[in-house]
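What follows is a single structure, and I will ask about it in a moment.
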Amino acid sequence: MSKRIPKRSKKAGLPPGTPMYIGENPTEETKITIIHYDATELQEKEVEKLEECFSLRDKQTVNWINVNGLHIEAIEQLGHCFGVPALVLEDILNTDQRPKMEDFGKNLYIVLKMLSCGPHNKDILIEQVSLVLGPNYVLSFQERGGDVFEPVRERIRSGKGHLRQAGPDYLAYALLDAIVDNYFIILESLSEKIAVVEDKLLTDPTPKTVQEIHHLKREMIYLRKSIWPLREVITGLEREEVMLITPITRTHLRDVYDHTIQVIETIETYREMLASMHDLYLSSMSNQMNEVMRVLTVIATIFIPLSFIAEVYDLNFFIPEVHWPWGYPAIILVMALIGMGMLIYFRKKRWL
Amino acid sequence: MSKRIPKRSKKAGLPPGTPMYIGENPTEETKITIIHYDATELQEKEVEKLEECFSLRDKQTVNWINVNGLHIEAIEQLGHCFGVPALVLEDILNTDQRPKMEDFGKNLYIVLKMLSCGPHNKDILIEQVSLVLGPNYVLSFQERGGDVFEPVRERIRSGKGHLRQAGPDYLAYALLDAIVDNYFIILESLSEKIAVVEDKLLTDPTPKTVQEIHHLKREMIYLRKSIWPLREVITGLEREEVMLITPITRTHLRDVYDHTIQVIETIETYREMLASMHDLYLSSMSNQMNEVMRVLTVIATIFIPLSFIAEVYDLNFFIPEVHWPWGYPAIILVMALIGMGMLIYFRKKRWL
Amino acid sequence: MSKRIPKRSKKAGLPPGTPMYIGENPTEETKITIIHYDATELQEKEVEKLEECFSLRDKQTVNWINVNGLHIEAIEQLGHCFGVPALVLEDILNTDQRPKMEDFGKNLYIVLKMLSCGPHNKDILIEQVSLVLGPNYVLSFQERGGDVFEPVRERIRSGKGHLRQAGPDYLAYALLDAIVDNYFIILESLSEKIAVVEDKLLTDPTPKTVQEIHHLKREMIYLRKSIWPLREVITGLEREEVMLITPITRTHLRDVYDHTIQVIETIETYREMLASMHDLYLSSMSNQMNEVMRVLTVIATIFIPLSFIAEVYDLNFFIPEVHWPWGYPAIILVMALIGMGMLIYFRKKRWL
Amino acid sequence: MSKRIPKRSKKAGLPPGTPMYIGENPTEETKITIIHYDATELQEKEVEKLEECFSLRDKQTVNWINVNGLHIEAIEQLGHCFGVPALVLEDILNTDQRPKMEDFGKNLYIVLKMLSCGPHNKDILIEQVSLVLGPNYVLSFQERGGDVFEPVRERIRSGKGHLRQAGPDYLAYALLDAIVDNYFIILESLSEKIAVVEDKLLTDPTPKTVQEIHHLKREMIYLRKSIWPLREVITGLEREEVMLITPITRTHLRDVYDHTIQVIETIETYREMLASMHDLYLSSMSNQMNEVMRVLTVIATIFIPLSFIAEVYDLNFFIPEVHWPWGYPAIILVMALIGMGMLIYFRKKRWL
Amino acid sequence: MSKRIPKRSKKAGLPPGTPMYIGENPTEETKITIIHYDATELQEKEVEKLEECFSLRDKQTVNWINVNGLHIEAIEQLGHCFGVPALVLEDILNTDQRPKMEDFGKNLYIVLKMLSCGPHNKDILIEQVSLVLGPNYVLSFQERGGDVFEPVRERIRSGKGHLRQAGPDYLAYALLDAIVDNYFIILESLSEKIAVVEDKLLTDPTPKTVQEIHHLKREMIYLRKSIWPLREVITGLEREEVMLITPITRTHLRDVYDHTIQVIETIETYREMLASMHDLYLSSMSNQMNEVMRVLTVIATIFIPLSFIAEVYDLNFFIPEVHWPWGYPAIILVMALIGMGMLIYFRKKRWL
């Protein structure tokens, strides 16, 4: 679990506005790609020297700079060039942010969480994505490189849809939309896992099953914590005072909002499903126990008294003058009768 | 469970406004029926070529086009003819929508869930229904053909009630009302299932019972998810800004709203009932276990010491010089006394 | 449980405003009584022909018509005479209404639930009561005849208090107040049942006890569902726009509101009590089981090893050359020591 | 429990404004004390004839009349003299009131609950206190005499603090404050009880412990019900429209409000603590059961097979021609090996 | 637990505004340090006589007086010098305050909770911190001396960041920020403890584990109670009417607000984690029990019938005329077959 909680304590006591990376993989290489386009032209390249980005500030195209991997110097230089406030630079690096949106008039800062399936499809990885939207640019910062934004790039390249005609606010919306769409993929994979566990639960519950339920519950708790605040973020973006968002993008944001609500409700639904599954597991444990105990009780209740009779009869044999010739068959008959009586009694009680 | 979750992932990354069906039965034949009527005349027919619908756009009667089965081309053509926005066409096909209502001024889009009992009356099937209300038409889209709208058709044909005098908004209300009325039928069938399971629980609980409780709980979770947002939808329709709804229809919508609240409260009531039933099941498991254990304990506690006595007395016999003539009856008497003492003790403890 | 859910499905598909009784006892005889009074005079009689009521419409006294038993024709005729809207007539007969209040300007419709103890004081019966308040009349409709309104009649007859001086709105308030006062009687009887069950739980819990807890829980779920919406009803009546309610009645309604809140909070309190009692039951089951298991374990753990020793010693006897004279007393001593050691061990573990 | 629920049913059906005592100790003697004071003078006496109070109505000092024990006539006479509305007199006697505050312009009615520890410090007693605040007087009504107001009397006598300078509204505040301060004492005694039970739970849980947890839970449920509405009462008093409260008293009421919130939050905290303690109890029951079962299983699993071997070997002895001389030591060795193997197996499974 | 609840009862009945320390360590030495600084100069010293502080009142620098350890006289003198209201002085000493903020126009009172790890890193200690913000000073009061404010002092000394340029409101913000940053450190240590307990739970749950879960749950309950109200405190500080807070500080307070929300959400997340872990524990107990019972049942069910057969065969030997030569091998074979049959049966039932 500890890996989910970036060490914010490293930062405690520093003055506000001190950028410092608190995540786990600061050594990963920073990779920067830029795309600038308008309705007619499109340029895309991978940046080798950070200074290549600076010229984009004054270009009248839509300029998208995507940064994979968080390095303090790169982010500080980029931030200063595009006039990003120091507190925002700090937040970009502080990967333990709650999703939020801040409007600084001349640019807009959005931070949210991106989900991806970890290796072996086991854990859900939660990664912070920061977007800075300006009048002619979008800066996007990812902790690790992922291919969630690839479909957006494809749409830019193909020139289909509204994207190439619209401004950077529409690009920011498209990126948000790509991240939220990605949530559905994660939810589907979780839904399949839940279905598998539920099947197992109904047919053959093992202690492993309940650990998987617990694991899924935990994933849900963290998912909810990551996605819940997104609701307010998008409501914030839809407000009319936000100058950088055009009305047409605003109507599309409504759509992202609906999707977010749906993701949240689906998570709640899964949480309730898992709670109900845990209840079912406890019941099936109880049932198994009951069944085990019944077997033991039936066996013991039949044979312990019979053994006792055999032993008492055994004593009898030592008294030499009392030797009935039909004693043995008689005692066997008595035992058989008692045993059958017991069996009938248990069947009537529905233990068999 | 997986069948309940349409594969929205197929769509991830596509530009918004790309219609694509994500449900399960796209191969089913699309069946289109049209009814156009006013206070005096009525025409009803099944459409063979889609183009037959287009002429209805300019007819001053109330025109209802019902589409069973979602095919991309049919829906796109119909949509373009009646001026339905691309985002709405996308939502009609995307059958994983949350119930919602969107007002575009010249038409109004409502999406909600229709419930029906599956084969063998086992599962509740949840199906998406989309309504598009225009100035002189209602388009309704169903995933599968159902007979929920049949009573509305009957009322149109018979000409009784307010329906034939009123406009398309009243027709849309009548369709909504038919769907919500149908919820009550589903709830009644669930109520009966709950009553059956509760009876079983009180008289003869088996592991099967708890699986049925779990199954019903799950149904409730999905029902609630499907119906809960309908509340906002109808509140939205009742607002005065919605131009396409006339005041008289608005008062009737109040009625649908009341029914929706009642459905939601009934679902909550059933959920609490089921939770209480699960508690009762766990208790009855506990009770059964207690009873089983008591039987075992009583039998074992009576006979294990008696057997021990018999064995010890047995040893005694091997010592030849110690042969009391009354040994055997004496030991039998001692055993009987101990056995009866035990029985009295257990009766006092109320284990018997 | 099924008896609590009137078959609303009978109505599905009918046009709105079609009155139809969905309850259970439509064959019961309708009994109509009328009382009309003002400060000086009072007339009270049982009606034999429905037409007798119609003359009351234009009388300037306060006219109260009480209808016990819901018959479609009687209610329709009465409704048309006093100008009650068709949707209200439908709601009066549809006994599965959620408590609500509707203001039609010239009259006011209130529907709420009346509680009574069933036969043998076992179940709480929930019955629908409808009130229609007009400028000079109150119509009250009950499913079954009950004596909840008797004290109000007494107050009218005696002429004490404000009732005879006031208008029909005050009479409606008095009826509401009588129903809510009656809730307290039901709650007291439930409180006594809970106290009885709790006593049983603390002294001698049986499987029957938990079924009673479940039964009471269920009653609470239905009570809450019936009473909770009354809150909004009374808040609605207190609003200043409601023209038929005079200010003096409005201050008295405040009192009914307080009582309703108190009933709701008491129900919540009882629900929590019952939840805590169920927890206690589970714990006491656990305790009993522990006790049972300890007895079994103590007995088995003492005698199984001793029996084994006896058997091994038994074997020994067959070896003729090994016959110690003190073998028997020695083995008895060893056994006694082991038995006592076990007892001390269990006492130390506090199992005895 | 029944003693907590005053029999409100006695009142059902009576016209509103009929005073009637519904509590339990109506036979207790009514004791009336009066204190009237201003900044310079102070008089305090116990009243023998009720008429002595009436002269206070026109005195320009602050007049506090405290009534212990609720008698209908005394309260009615006092009420009429000071112009208290009939509905308030009814509420003073009806000791099952929800805490509330009503403003009648020329006087103000506050009803709330006073807590005290019952005999043997076992139960929390809940008693109703009514305050009527007028322009120059405070009337306080207690069910039983208690010493909660004694510190306020002391402060009046000593003349320290703001109390003697201020008006009757400040006196009413001081009484409220005394009652709320008293809640903290009750909470502390509960906190100590919880700590004692928790200690027992961690060291030596018995069935008695869980009954104590249940008892404390129940106390919390009733405490919360009694104190929760006080929040609204004080918010009501703080409103600017309340003419009888001076601004300086209003700032002090803020303080009482803070304390009330704190009491409520502490009760919630205790409730969660108790829920967690109940969970812990169930776990420790489970653990004990596991331990008991392990002992039984270890013993039975070791000795039952060994006994079987002994018996089989025993059979062997009856076959005369098969007599190995080393049979006995060999069989003992085999048994010892099997026993030790079992022990090692159980230790590996960590059952020992 | 009792140590967490300061004895507020000591104060019950005293007039409001009577300062009295209710915490636990009033004997600890009071230590006062003062720092006064502006953009250019800085003085820092430990105060020996209280009077040294009084001269700071009229200094135009930012004056920070930090008091460790609460002594009535020192606080009263300091309070009177800086014009702190008597009710605030009372609250500073009353260490059982709910976090709150009060604005008196010329100064501002903030009370909140500081967390620290107790000895051996076991319990979380909750300590009250009071801040009084005036036009040119900040007074801070701690119960015990801690080093939470040390980083702020470092930043003042170093002169880096905005702190030296800004006024006392920014200093108050910096202190708040330091306390909230400290919460993250506490949460991280709790997160590690939870991770450790969860690991234990998944690999080797013991009764100790569940006690640790209970302990952590309790910590969470108290943490939440301490931190939850901080939300309102900061919202209160951000309001525009608060004159002592400058706009630039207000934007920084937004950041503290975000962190507080994140702390609260993290606590909720941990609470849910712990609840899920407790469920998992109960399940694993159930599983262990099941496993133990299966072993017992398998052993008993195999050997009890076999012993019975041996005994019955034993009886047979006493009948001299019935002596089959192959009896012994035959009976051994029968037993082996029965034993193997049982084993196969149990394997099929998946108990082995």
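When the chains are written out, they are named A, B, C, D and E in that same order, and each has its own residue count from 1.
One rule holds in what follows: a residue touches a chain if its C-beta (ideal position, glycine included) is under 8 Å from a C-beta of that chain, and two chains touch if they have at least 3 such contacts.
Everything numeric in this text was worked out from a predicted model, so none of it was measured.
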For the Cα fit of chain A against chain B, please give the angle of the superposing rotation, nearest 5 degrees.
-> 70
Approximately how many whole Å separate the CA-defined centres of chain A and chain C?
-> 42
Return the distance between the CA-based centres of chain D and chain E, expressed in whole Å.
-> 26
On chain C, where are the residues touching two or more other chains?
-> 282, 286, 289, 293, 296, 300, 304, 307, 311, 314
So how do the chains connect up here, line, ring, star, complete, or something else (other)?
-> ring
Round the ring starting with chain B, chain C following: which chains, in what order?
-> B, C, D, E, A
As the complex stands, chain E meets chain A at residues 150-152, 154-155, 160-163, 177-178, 181-182, 184-185, 187-188, 191-192, 194-195, 198, 202, 252, 255, 258, 261-262, 265-266, 269, 272-273, 276-277, 279-280, 282-284, 286-287, 289-290, 293-294, 296-297, 300-301, 304-305, 307-308, 311-312, 314-316, 318-319, 350-351
For the complex, which residues does chain A have touching chain E?
-> 1-2, 5, 7-9, 11-18, 87, 96, 98, 100, 204, 207, 210-211, 214, 217-218, 221-222, 225, 278, 281-282, 285-286, 288-289, 292-293, 295-296, 299-300, 303-304, 306-307, 310-311, 313-314, 317, 328, 331-332, 335
